[in-house]
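Shared between the two complexes below is chain A, which pairs with chain B and chain C, respectively.
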Partner chain A sequence: MTSDMILPFYQALTEDVNALSAQVPALATDTLQDIRRKALERFSTIGLPTLKTEAWRYTNIQRYLKEFPYELLTTAAAVAEDVVNSTAIPELDCYRVVLVNGHLQADQSTLPEGKGITIGAMSANTTATGFVTYFNEQQHLAAESMAQLNTALFADGLYIELAANTVVDKPIHVVNVYSCTAHAFIQPRHLWVLNRNAAATIIETSIHPETATIAFANSVLETVVMENAELWHYNIQQGAESFREVHTTAAQQHKDSRYHHFNFTLPNTPFTRNNLSVALKGSHTETNLNGLYIASKHQHVDNHTFMDHIMPDCNSNELYKGVLLDSSNGVFTGKILVHQEAQKTNAFQQNNNLLLGTKADINSQPQLEIYADDVKCSHGFTAGQFSEESMFYLRSRGIGEDAAKALMVNAFSHDITDAVKVPALQHFLQEQIAEIMNN
Partner chain B sequence: MLTIKNLHAEVEGKKILKGINLEINKGEMHAIMGPNGSGKSSLASVLAGRDNYTVTEGEVWFNGKNLLDMAPEDRAREGVFLAFQYPVEIPGVSNLNFLKTALNEIRAYKGLPALEAREFLKLTKEKQQLVDFHSNLMNRSLNEGFSGGEKKRNEIFQLAMLDPQLAILDETDSGLDIDALRIVSNGVNKLRDGEKSFVVITHYQRLLEYIIPDFVHVLYNGRIIKTGTKELALELEERGYDWLKEELHLKESV
Partner chain C sequence: MINSNEIIDDIANKEYEFGFSTDIEMDMAPPGLNEDIIRFISAKKNEPEWLLEWRLKGFAAFKKMEFPKWQHFEMPELDLQALSYYAAPKKKVQLNSLDEVDPELLATFAKLGIPLNEQKALTGVAVDAVFDSVSVATTFKGKLKEMGVIFCSFGEAVQEHPDLVKKYLGSVVPHTDNIFAALNAAVFSDGSFVYIPKGVRCPMELSTYFRINAQNTGQFERTLIIADDNSYVSYLEGCTAPMRDENQLHAAVVELVAMEHAEIKYSTVQNWYPGDKDGKGGIYNFVTKRGICKGTASKISWTQVETGSAITWKYPSVILQGDHSEGEFYSVAVVRNKQIADTGTKIHHIGKGTKSRIISKGISAGRGDNSYRGLVSVGPRADNARNFTQCDSLLIGNQCGSHTFPYIESRNKTAMIEHEATTSKIGEDQIFYLNQRGIDSEKTVALIVNGYVKEVLNQLPMEFAVEAQKLLSITLEGSVG
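Coming up: the complex of A and B.
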């Protein structure tokens, strides 16, 4: 196919998305091809989100999709070792998984090995039990057109499956490299399954090394945390001016499982939308959702979260904190749905913001829908500036205004960073925050 | 070292300081006493640079420099230290990190390199002992959940660490029991090296039994209405402030 036959990407999205499907390689099984076809149909029906779409009221994604003439990119490019190494978290003893545009780079990776650990490309694992059972299984994805777009047109991603009782001894650092020589729309697709009693810590970071070409990532990750399994999942979004991102995580938890999700969004990606949903499909689960977003300049950061309490006796705790500098824009949505059967639910949610830029702004909306009667739910929202008393105290000790602000931002975010269980990562994040504030 | 000339200041349109004159030389210990609401903390705040106070008249010179022109952090770097009457709690800022930052910012201002971790710890240990400041408080958040006495000790501990030329202590004695008072006073006395000057703001003569002042000033209604030596403090303890107020009214009505 020659390039002049291809509709411009945005036009194809809005007018003829089928034209794009010819650009992605076929998937391995008929079932998958069928899933893809259905997603394509669904996307054609619902279309791109608009400001009238309830879940996108404060985020005009079309503006960002139109911003550059993107092309759908489904392949990897070679990425220099020093680029990959630059993403290392100092002092962190970990396994490393390098993905370029979603494609596993085995020779640049150090994968965990051993009984019960499956880790590899999605495309190489389409017949694995976990894959067959759980791929695209999560209901929450159906409502989100960007997720449908991913299902319809993804190329590859990371598949992890831990067999029952398998505990990975070190954190797994997943390095998402987005690399392109022309403006590109890239759609990785991942699935991680932790079977009964399995446990892992997975740290994701991303890098887009090119500054002249824009990468727009629309990634989807499904995580499955089976009975009594425990997943610590850290997503570190260290941004770049030349990067845009829609990141969808759909998690499901089964009986007695624990899921700890951390999302750090740091400057300077102009547009970030994180969809995070957790479906509680078993009772006695624990869920912790922690978020910290620090935005500067004209950044737009939208965290859209959904705690779906389906079963009784589950606890969820959500804390998102934002530091909005300059003219940045924050959006937070925290939906908590407690089904009628989900008695004895504890669901707490809090969103606190520091509005430091004169033109900074936050839109925060809790959405609580509660159909059970024996539940404890709460939500709260704050937006404010630094306490003048505290600032004066610090300055009266010789600490300059900028350093004082850095200390205060560190203090503001400390309940999130303190909850980070990997010391090297915690230290790294604290340093990052200090560095951002000192610039 | 410090010269205050005819200082007038207001807060939220309310006149608080109404012409303060004060001269403090190297190594001196000055006590400022006076009834509640007379402007003692306000004077301390204006000297430290709290920005809700507006200076409407007067001058303040510190080692030949115009103090009122400086940002609060620069006053501290030049050597002014205020021990707060009500130290703030800052959750999430560790005491240790706070002190290290402060010390190094002051050092950088003076063109000195940052302290090595080992030197810093050594200094910390040494100064902790001075005021019997528990080392387990060091890693906690700044003043968070500290008792009243612990907060005050922390102020003096910071004073010892930052080693200013002029230390203003605003009611450091209030909320201290007699043992804590003795410890804090001993700490302050050990810091008296003939170079450092002190302004001790207090309500009670009690503190001045431990910290012997060279001068005692009575601040009333925004003005220093009497200056004396440590005997004045004793007299105030016995007779209260009313006789001074009367004396003042007599003077003013003349």
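Coming up: the complex of A and C.
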């Protein structure tokens, strides 16, 4: 059910779906139109999330959607080279993929080349095997109305497919530029497929250069990690005051694969919601989900994760840490579902929070749902302050209060930053954290 | 004229014909839930006008509500109109000696170590002169009265202490709280009322008395316990003996109020009929239990051992309103066959320096489904609040389920909250170790389970702790091997 207040917005969206087919004919094939129509139907059945939607009980998305008169934006505008360059991670030797509102800008990108590497716009790859097999295949997307909306409305995105045994030699830096001249609602859609024995490291950052117009991105990324493949995915949400984001990642892993996901949410963006789900479709997999969120002012950061243990003998580790400053709100939901067949599962989850702002708050729902008996599963949660002893220790050695705090936050986030395997990126993140704490 | 005379004669004869038992028949309300029934119940109990109005308000709230959908089990179909909401206590079939009792039941009693006289009381065997429950009760009552403790049935309290009842009834669990609480408010039959005056430490476990006397309290019981300043009371409801009951739905309400420096310890041992192997029959135990720590440095502690019922669905909660007040929740929930437990607690930290501790131990066997669902919320005023939560689950057999759904909300930066949950099965190495020392698998499991739940059982009054331990072993019999 769509609530009354959001109705005009919703009606506009329905019209947009019909208009879309004319704009990007490649993404309006019969099959895709059918998928889009079904997604829209599904969206209108579940409706926009409300506070009564269990998965959204601590996040009022309608509040953010109603904040400005958003219009659906499906096109890209040229973005100055220096804007793109400003996102570069110092001393990182990498390939660069520039996407403006989800549309690939080939002339500003340095794409990896070589046998077995397919990288390009979704609209240019609708006949690729990976696209045909895996597009919109993730069941977890069906339950999420924002993802359904994306399926119905997406205009383009990044398609990556690595053939079997293909290893990309350098990290791929995906620069998501969201650029608009009026308040815009943007729907990028990506699909990354790593076939058997393939490996890649992908770093995502985003930038919204305008300050007067608000960009609301509702992006969906599907990743497929096939047998014995390995994907390192870093998503760095640096944020801007004029940016809002719902980011849905649905991953699936097959036999013997490794998937490492890092999510860094840094201050400024008033509203961030990250949906992350991993479906384990093969045995003997390894999954590491790491998250660090540092929120300030009235920022609202919601991390919603779902580990779906379908097959036996899989390991998953999840660690999310949060630092909540000023009047920020943090939300964490971590669900581990172990199916009856998934014996010998090891699944661990930890969520630690530092509440530093007087009006900051944290709502957490770590969940275990277990139907197999030969498993080891646990979750842990903490919320609190620096220990007085540690603060006293630092202060007694002549370190000022602010510097001591910055040091402690650095130490607190170390578990996450230490796991970053790209040295330049690790250094960059540590600098960012230090800078936030010094301001 | 002749006709009407005949009718009059008929009626006269009928009354004569049925004699004494007619009275009981008349005390039975027809099935159905409506305002008339509520008025009927209220009139039968000779209740004051305000109580009737409160019942009607509860009914009005009930009519507006729907059954919840968020629980982790399929809601059984309940036809609330098919129930009869008032029945005078039924006469139990009196047996002459224990020889007539079901031998299986006696074997269970023997394993639990229940004294012979209590066995008789529980099975409805006529009690001999040596063990006169009435006189025991009178002795207890006299002692309590001396100290100013009020402990009586709810109906009695309404008649004799209307001011206290009026002041506190619905103050912790309002009639609008949830659909079952609303239903209970409308039709509650009876229950217990306890008031501990200022500075009094209740000299005995109120359970002892309760256990002998308060049988058949009915399916919509209501308990209200008030501990005034600096007082202490320990209360135990239920018993370890398997209880069979004709009422399938139990929607009780328990309200606890602790004033300054008062402490209430509430223990529950629940072993209602769980239904057969396929989960047919069995009690639905949908209870609303909540306590409020109103005064400074007050304390409420819930301890529960839940082994029975087809569905156990309850969240004994504590509102920590007074500064430096303390809430505790200790729980053992065991499910086997097709039993379901969705239980846990809610702790609301409102006052400064409030503390809470939650220890939940779930055991799932067979095709049972066990969920811990809990809320810890810390309000902006609750400076230096402290919470520790641990919920562990033990899985026995590969068809059971065990789930944890905690909700943690912190709005205060000085609060410290810790939550920990683990799920695992009994290690094969542990079983092997004990087997190798000549302990058979069944006893091994009992031993490990008892170690696992010790932290909770230690909170029970001593004699019940021993029984509860035995109860767990019996419940899990045949689950392994």
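Heads up, the rule we're going with is that the second predicted complex is superposed on the first by the 412 of 439 C-alpha atoms of A that agree within 3 Å, B and C clash if a C-alpha of one lies under 4 Å from a C-alpha of the other, contacts with A are read in each partner's own complex, and residues count from 1 in each chain.
Quick note on the criterion: a residue touches a chain if its C-beta (ideal position, glycine included) is under 8 Å from a C-beta of that chain, and two chains touch if they have at least 3 such contacts.
Computed from a predicted model, the values in this text were never measured in an experiment.
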{"item": "Which partner reaches more residues of chain A (counting touched residues only), chain B or chain C", "value": "C"}
{"item": "First, second, both or neither for A:Ala182, with chain B first and chain C second", "value": "neither"}
{"item": "Touching partner for A:Cys377 - first (chain B), second (chain C), both, neither", "value": "second"}
{"item": "Chain B versus chain C as contact partner of A:Gln365, first or second or both or neither", "value": "second"}
{"item": "First, second, both or neither for A:Glu54, with chain B first and chain C second", "value": "second"}
{"item": "First, second, both or neither for A:His414, with chain B first and chain C second", "value": "first"}
{"item": "Which of chain B and chain C A:Ala124 touches, first, second, both or neither", "value": "neither"}
{"item": "First (chain B), second (chain C), both or neither touched by A:Leu355", "value": "second"}
{"item": "First, second, both or neither for A:Gln343, with chain B first and chain C second", "value": "second"}
{"item": "Touched partner set for A:Arg397, first chain B, second chain C, both or neither", "value": "first"}
{"item": "Footprint overlap on chain A, comparing chain B with chain C", "value": "none"}
{"item": "Chain A residues within the chain B interface of the complex", "value": "387-390, 392-401, 403-404, 407-408, 410-415"}
{"item": "Complex contacts: residues of chain C adjacent to chain A", "value": "70, 380, 393, 395-425"}
{"item": "Chain C-facing residues of chain A, complex", "value": "54, 58, 340, 343, 353, 355-385"}
{"item": "Parts of chain B lying in touch with chain A, wherever the complex brings them together", "value": "48-52, 71-73, 75-77, 81-82, 84, 87-88, 90-93, 97-98, 101-103, 105-106, 109, 141, 158, 162"}
